[in-house]
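Heads up, the next two complexes both have chain A, just with different partners, chain B and then chain C.
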Partner chain A sequence: MPERILEVASLTKHFGGLRAVHLDLTVDARELRCLIGPNGAGKSTFFRMLSGAMRPSSGTVRFQGRDITGWDAFRIARLGMSIKFQVASVLEELSVRDNLHLAAEFRFGNREGRRRAAEMLEVVGLAERAEHPATWLSHGEKQWLEIGMASVGEPALILLDEPTAGMTAEEMKKTVRLLKRLNEVATVIVVEHDMNFIRMIAGRVTVMHQGEVFAEGSMEDIERNEGVRAIYLGKGSQYVVRR
Partner chain B sequence: MSLDTAAIVVLEILNSITILVLLALGLALIFGMMRIVNLAQGEFFTAGAFTVLTAVRFAHLPLWVGMLLAPLVVAGIGIAIERLIIRRLYGRPLDVMLATWGVSLLLIGLITVIFGAVTQGIPFALGNFQVGRYSYPEYRIVMTTVAAGLMLGVYVLFRYTAFGRRARATIANPEMASAAGINTPRMFMLTFGLGAGLAGAAGAIMAPIVGVVPTMGVLYIARAFITVVVGGPVVLVGTLSSASALGFIEALISRFSLFQIETAGHCAPPPCAINIGGSAFFGQIALLIFAILLLRLLPQGISGFWRQRR
Partner chain C sequence: MKRIASTETLAALLLLVPLLAVPWAFKPYTANVLAVYMIYGILALSLTLIWGYAGIMSFGQTAFFGIGAYAYGAIGLNLINRTQQTHAAVLGGLVVAAFLAAVVGYFMFYGRISDVYASIITLALTLVLFAFAVSTGGDEWVIGVARFGGFNGMFGQGESSQNIANFQIPPVTVWLPGMAQPFEFKINRESAAGYFLVLGMSVVMYLTARWLLRARLGRVAVGIRENEARVASLGYDTRFYKFALFTIAGAIAGLAGILFAAWGRFVNPDRFGLGFASSTVVYVLLGGRTSLLGGFVGAAIVGYLTSYLAEIAPFGTIPGDATPWARFLMEAGRRIVREAPLLVQGAVLVGIVLALEDGVTPPLSRLLTRYRRWAWWLLLPAVVFYFGQRVACLQADVCLF
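Entry: the complex of A and B
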């Protein structure tokens, strides 16, 4: 039986009277898990609680068997969980190389971090852009830089919030290859809206709806699931949210 | 204007710029970079001056030892205040203002209780040098050198060291920095401590030329804020350019009388007149007016204007 890298139990977030998230979830080591759900399902809030960017109201998060609920974000990062946020979060003034170096430094120190950053430049295909300030990058390139920053520290678990937002079909294919490569050494959880992307990833899919886990299974199972179709997949690419 | 007068005017402009740089550098980190409206910044300056006073008067240490101790002591005070108070108030700018105002009053009170509400001088051995018909204090040249050194140090620290990269990352995007494993609370604390230490260094350097008194910070905090606001968001470029512009105007107006206003009354020799310009008082008024004009024209400050233009 594979090791469980992430165990989430009754993890809850309240915003005033609104319960934004309440869920249980387990992820095995080396899984490539897709997390989908309509807007407002609580996916990003869930990610932010996992990574320590937001404190949960109640519940527990166990990562590699250790209870990390309520830890500071940088401690969780140092333990081996990294996140790419939904909104672009690169340091615009620093060069592409320095952005990666910064993200590698805490784990490998200055010199080794620089070497790892150079390697990662090749992996994400930004070697030619290495010395440019990050602000010059296109939208897709910034996403790759962020994926690179999230994985350069060799984390055991990588959380990616909408890594293909704003990408062309060609860029998306490249991203799928990149994720599969990262998945060879790390567990990856990815939040996405794009069904083509999810099909290409072909991992296990968890559907969130109104802050809870609504369904879980392979993409075929999910696409056959009547309830999921009703809340999410119905009418082509339009979202249909039951209220 | 003769050559020696011109030289003296240039030296006085340099001195005005030096003083503004010294006052503003620490605040440029704390307010310009971290966006903390620290109303206790003036008292960090005071604390630096009193550290020197204590070292020289009571511990009988050499002046330069006191001046080296001051930034360390004040950085310690700054770090303590960040940990105890400001840390709890990030993202609440009004509360920070209120809290730091309280800290300011508390520090003034504490220093008054310990040292008394009297103005004390710090003796120092440097003399004057001759520029043609004028003599000019050597110490002012020392001050300019120290200010340049501090700016260079801050530049190297933020540009070329791991600490600098992490601090810039933390301030540009704390959430991202934290996700990249950077201990952001620690970086905030150290950057604040550095800003406090720089104010302490400024107070120590200026202690011999100003009266050392518990309320001295109040005299300088306004000029520090004005310089930082006019300078805009880029710390070093902003501080240097705004200190240069404001210092230039301040020194010129302090030196030269612009015009006279005749007033009623009896004078010998008549008529009665007030000189506008030609004193430090009018220099400061000119600085303020010029700062207001600059901010009207460049609301983002000087460095913000250039950054937008790029």
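Entry: the complex of A and C
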């Protein structure tokens, strides 16, 4: 039986009277998990609670066997969880190389961090833009830079919130290759809207709806699920998510 | 990036070379004035570090400057007659300033106070210290022979001394083992040691700041300015980095305060005041937040403007046949310039800041980058000017500065 890297038990977030998230979820080590759901399903809130950017109202998060509920973001990051936010948030005025260096330095120190950053520049395909300030990058390039920053520290778990938002089909293919490569050494959880992307990744899919886990299974199972179709396209719709 | 760094080095050298020659070319007055500009420049440098690089606006950086100055004065006055040197006073000033910054920084950053409030808290701190320093006029506010003196500022109360100089805060005085007698860093006709001390400290602090920014502390600080949540999610405890940089900046401001007290041999509550606090912000804004040299440039511009405006009398003598309206306008203009130099100074500063949002250093450094091949020739007019004025001053007693 594979090791459970992440166990989330009745994790809840209230905003005033609104219960935004209430869910249980387990993820195995080295899994590539997709998290989908309509807008407002609570995916980003869930990620923010996992990574420590937001404190949960109740419930527990166990990561690598340790209870990390309510920890500060930097301590969670040190334990080996990294995140790419939904809105690309690279350090705009630093060079691409310095962005990666800062991300790698914490784990590997200055010199080794510099070497790892240089390697990661090749992996994400930004070597030619290494000395440019990150603010000059295109939208897609910023996404790759963030994926690079999230993975250069060799975390055990990588959270990616909408890594392909605003990408062309070609860029998306490249991102899929990148993700598969990351998945060789780390567990990856991806939040996405794009069904083509989810299909290309072909991992296990969890559907969230109104803050709860609605369904879980392979992409084929999910696409056959009447309820999921109803959530996405409205009740009674005869349209199938296009293949 | 490398190119920009070397332009900055070039600019620093171009500023340094003429400054090194000042005591030989000019009267002590000039060295004295330039020394205080550089002291304010060091203070501005400390603000540039935390504001320009870590994005934490400290409106009350003068609190650490003032407390450093007072601590140096109090310890120095007590020490000088007993030990003939002020080593412990310098150290004490630094420690007190750094300690105050550490305490304030700890509560601000570990208390999760947002950065907007940091400027208000530091401003309140300097104003509280101002009010406190003003209220120390009574006889009970005495440490050893150092009298706080309330609004009149700090003086010593000697018993046997006849000379006023013995009541003043001592200059930085060094007496190391192996030296026949103590050495005082003064600026006068005989010695420019005090000037070189300030110049040397400016260089050392500038290099320290550059080194800090290249080290991990500086890289993380810039990351915090850009996006604090992102840097935290990379595993950095951003509170600690802000705390550390704030403490170091406090110590640098404290050093400037020590040099100030030793330079003027005096300190009063004005160093905590609102006017001085906002001047410091203006130095940085004017010089440019993104360059470590900016604070020095800003302090020199404001300092020169202030003393120049106080001296000039526009419109010469008002002609006797002027109409009453013209007479009124000229009289008013002269009054404004002469009696409210701050008003004119403020208008000039607002103009510059509006025209150049990043201050005067970025356009200057762009020019320097473009003409870097010719940069060293910029020193030529300085040499001619120095030499010419020295000859004129010695031969014909026509001295510009």
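What to note about this one:
Note that in this section the second predicted complex is superposed on the first by the 232 of 243 C-alpha atoms of A that agree within 3 Å, B and C clash if a C-alpha of one lies under 4 Å from a C-alpha of the other, contacts with A are read in each partner's own complex, and residues count from 1 in each chain.
Convention: a contact is a pair of C-beta atoms (placed from the backbone, for glycine too) under 8 Å apart; a residue touches a chain by one contact, two chains touch by 3 or more.
What you see is a predicted model; the values in this text were computed from it and never measured.
Following the overlay on chain A, a clash is recorded for the pair chain B and chain C.
When the two structures are aligned on the shared chain, A:Glu131 is found in touch with chain C, with no touch to chain B. Residue contacts after overlaying the shared chain place A:Gln86 against neither chain B nor chain C. Legend: residue contacts after superposition of the two complexes on their common chain; A:Ser57 is shown touching neither chain B nor chain C. Contacts of A:Ser95 after superposition on the shared chain: chain C is touched, whereas chain B is not.
Residue overlap on chain A between its contacts with chain B in one complex and with chain C in the other: 51-53, 72-74, 77-78, 82-83, 85, 89-94, 98, 101-103, 105-107, 110, 149, 153.
Listed in rising order, the residues of chain A touching chain C in the complex are 51-53, 72-74, 77-78, 82-83, 85, 89-95, 98, 101-103, 105-107, 110, 131, 149, 153. Residues 162, 165-166, 168-169, 172-173, 175-185 of chain B are the ones touching chain A in the complex. Across the interface of their complex, chain B is touched by residues 51-53, 72-74, 77-78, 82-83, 85, 89-94, 98, 101-103, 105-107, 110, 149-150, 153 of chain A. The residues of chain C lying in touch with chain A in their complex are 1, 216, 219-220, 222-223, 226-227, 229-238.
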